[in-house]
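Below: the structure, in C-alpha cells.
Going by the order they are written in, the chains are A, B, C and D; count residues from 1 in each one.
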Amino acid sequence: MYNHRTTDRLEYFSDAVLAIAATLLATELPKPEAGTDLLGEILKNWPHYAAFAASFLFICVAWSNHHNMFIYIKKTDQYLLILHILFLMFVTLQSFTTGLLALHVGKPDERTAALIYHTILVLMTVLYNCVWWYATRKKGLLEENTDPALVKLLTREYAIAPVLHLAALIISFWNVAFSIIPIVLLYIYFALPRFSEKKIRERNESIQG
Amino acid sequence: MYNHRTTDRLEYFSDAVLAIAATLLATELPKPEAGTDLLGEILKNWPHYAAFAASFLFICVAWSNHHNMFIYIKKTDQYLLILHILFLMFVTLQSFTTGLLALHVGKPDERTAALIYHTILVLMTVLYNCVWWYATRKKGLLEENTDPALVKLLTREYAIAPVLHLAALIISFWNVAFSIIPIVLLYIYFALPRFSEKKIRERNESIQG
Amino acid sequence: MYNHRTTDRLEYFSDAVLAIAATLLATELPKPEAGTDLLGEILKNWPHYAAFAASFLFICVAWSNHHNMFIYIKKTDQYLLILHILFLMFVTLQSFTTGLLALHVGKPDERTAALIYHTILVLMTVLYNCVWWYATRKKGLLEENTDPALVKLLTREYAIAPVLHLAALIISFWNVAFSIIPIVLLYIYFALPRFSEKKIRERNESIQG
Amino acid sequence: MYNHRTTDRLEYFSDAVLAIAATLLATELPKPEAGTDLLGEILKNWPHYAAFAASFLFICVAWSNHHNMFIYIKKTDQYLLILHILFLMFVTLQSFTTGLLALHVGKPDERTAALIYHTILVLMTVLYNCVWWYATRKKGLLEENTDPALVKLLTREYAIAPVLHLAALIISFWNVAFSIIPIVLLYIYFALPRFSEKKIRERNESIQG
C-alpha cells in the first residue's frame, strides 16, 4: 500500500507539472499592440506560433508516454525519484528554450538558440529513458507480472526519442532548418499505432476476457 | 483496468490544463499604475474585463461539458488522445486571443482580432466534437450500456457550439459588435436545463432506484 | 455514481483553481533591480508584501472552507455548477485586486483601489454562500443523513464572511486604514476552534466509535 | 472517513501548489533578445540558471518529504491546517527570493539578497517541522500503528533542514559564497539512502509478507 500510494502522488505531481508547463507556453506568445498592422505582425511572428505548437505537442507526447510508463512502474525508491525530478526540471525548461528559439529564428544567433533547444530535449529524453532503465533493472519496482518481451519492446521504443533529438542537435550544427527533419519523423512515429500498444491491448483482452 | 486508468489521468490532465488556462486569464488584466485616474482607466479598459469574463465562463463551460462527455467515454486509444491534445492546445490559446481582442476593440484592427478570436473558438469546438464523434464511432471506447438515444442527443447538443461560433465568425466579417449575438445565445442555451441532462437524471434514478 | 463523480471533479477543478490563484500571487511581487538600495526598496514596497500575505491566507481559508462544505454537498446540478463557476471567477480576480491595492496604497486613488478590493471579496463570499444556500434548499444535493442543526450552524458561520467584508467595504468609504479591522476579526474567527467543527468531530466519533 | 478525505484534499492542494511553484520558476529566466551575443548573455546570466536549478530541486525535495510525512499523518485539524498553509506560503515565495538572489549576485546588495533567501528557507523548513511536531504530539492525527521509533527517527531527520539553513543564514553574514556549503551538505544528505527509509521498507515487507 505504501509504495502504490507513492506512485500515485508522483503521477499527480508530474501531471500537474506537465499540464502547467504546457499551459504556460501560450502566455509567452507576443501580442501585437493596437496601432501596428495586426495581421502583418502576427505573420512576422510565425516562429513564435510554430515553436508554441511544437512545444505544446512535445509536452503532451511526453505526458502520454509518461502515463504509459507508469502503468508498469508500480513502486518507487529514492533514486527513481531523483531521476524523475531531473526529468521534470528539463520539462519546465521547455518554455524557456522555446521562447529563446522563437526570438532568434532568422537572426545571427539562430544556431546557438537551436543548439540550446535541442540539448535540453536530448537531456530530457535521456532522463526519461534513465527512469525506465532504472525501474526495469531494480528488483521490485515494475508490476510483478509484466511481460519481459513488452519491457524490451518499450525500452527500444523509448530510446528512439533521445536518438532522434541527438540527430537534430548534430544536424543543427550544420543547418538549423534541416534539424526539424528528425523531429517530424519522431512525431510521425508517435502518431502511428505502435507494436507495444498492440501488445498491451492483446494483454488487456486476455486479462479481461 | 488499464484503459479505465487511462481515462482517469486524461481527465486529471485536462482538468489541470483547463483550470490553469482559466486562472491565468486574470493575470493578463491591465493594472493602472498610481498617478493615473484609477477609476477612469478601469472604465476605459472595459474590453479587457468583458473579455476576461467571457473567456473565463467559456473555459468553465468547456470544462463542464468535457466532464459530462467523459462520463460516457471509458476507454481511450492513441487517436482519441491526439484529438484531445489538439483540443487542449486551442483551449490554452484562449488567453492569447482574449488578450488580442481586448487590445484591439475599437481600434483599426478590431475585425482582424475578432476573426482570430472566433477562428480559434471554432477550431476548439470542432475538435471537441471530433473527440466525441471518434469515441462514439470506434468500438469499445464508450461505456457499454450507454443508451444510443442519449448518444444521439449529446451528439446534436455538442454540435451547437461550433455552429454558433462559425456564425459569430461569419457575422464578424460584416459587423464585429453583432458577432456577440450567437455567443450570448450559446450561453443562454448552456444555462437552461437540457434534454440530455433530464435523460441522464432519469437513467441514474432507474439505476439507483 | 454519476453524481458522486461529478462532485469529485468539481472539487479537483476548484482545488486546482484555488492552488494556482494562491501560487500566482507571489509572481506579482516587485523585485528591486540591482543598483538600487535593496533593503530600502523592499521596505518601501511593504504594501505589496502585506497584500500578498493577506490574499494568500484569504485564498487558503476559502479553500479550507470550500473543502468543509463539500463534505456535505454530495451531488451537483447545473445551477450549483453555474454559481460555483462564478465564485471561482471572483477567486481568480484576487491577484488583480491585490496588485491594484498594493500599487495605490498611500497614493491619491487609494480609496478607489480599496473599494474595488472589498467589492470583489463581498461578491466572492456572497457567491460562496449562494452555493451553500442552493445546495441546502434543493432536494437531493446534500448527503442524506446530514444533521439539520449542523446545516443551520454552517449557514450562520458561512454568512459571517460576506457581512464582515461588507463592513470593510463601507468603512473604506470613510477610512481605508480602518477597513482592515473587520478583516482581522474574520481571520481571528477562522483561527479559533468553531462550534461546527466540534459538532463534526463528535459526529465522526459517534460514526467510527 | 471524514478525516481521511481531509488529508487527501490537503495533499492534492499541496501537490498543486508545489508543482505550480516549481514550474513557474522557469518563467523567471531572462531570455536574451536577438541582436545581443546570445551565448555571452546566457553565460553572464549564470546566477539565474544556478538559482533556478537550486530552487527547483529544493521544491521537489520538499514535495518528496511532504509526501513521506503524509504517509503517517492520517487526520488533520484546524491548527495543523493553519501551520500547513503558512508552510505553503513560504514555498510560493521561493520564486521571489530566487529571482532576487539571481538579480543581486556579484552586486553591492548581494548579502541582503542572500539573507532574505536564507531567511525564507529557514522559516519554510521550521514550519514544515511544526506541522510534523504538532501531528506527532496531538492525539489521533498519526496513523494508529505507527512505530514510535520511526516517528523519533523522522523527527530528527526533518530537523536537519532548518538547522543547515540556519547555518547558511549565519554564514552569509560573513561570506555569501560559503553559505552554499550547508545547502550542498543538505542535498547530499537527501540523496543518500536514509535510515528511516530502510525502516519503512522493512515495515512494508513485514506488512505485505
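Assume a contact is a pair of C-beta atoms (placed from the backbone, for glycine too) under 8 Å apart; a residue touches a chain by one contact, two chains touch by 3 or more.
Owing to the predicted nature of the structure, the values given are computational and were not obtained by experimental measurement.
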>> So if I look at the partners of subunit A and the partners of subunit B, which chains show up in both lists?
In response: none
> When every step has to jump to a touching chain, what is the lowest number of steps that links subunit B to subunit D?
Replying inline: 2
> Would the interface of subunit B with subunit C count as same or different, where same needs over half of all numbers used to appear in both copies?
Replying inline: different
> Of all the other chains, whose mean CA position lies farthest from subunit D?
Replying inline: B
>> Nearest whole angstrom, what separates the Cα centre of subunit A from the Cα centre of subunit C?
In response: 37
> In whole angstrom, what separates the CA-based centres of subunit A and subunit D?
Replying inline: 26
> Which subunit B residues reach two or more other chains?
Replying inline: 12, 16, 20, 24, 27
>> Considering only the defined contacts, which subunit D positions touch subunit C in the complex?
In response: 1-3, 5-6, 9, 12-13, 16-17, 20-21, 24, 27, 77-78, 81-82, 85, 88-89, 92-96, 99-100, 103-104, 107-109, 112-113, 116
>> For the complex, give me every residue of subunit B touching subunit C.
In response: 11-12, 15-16, 18-20, 22-27, 29, 31-39, 42, 53, 56-57, 60, 63-64, 67, 71, 191, 193-194, 197, 200, 204, 207-208
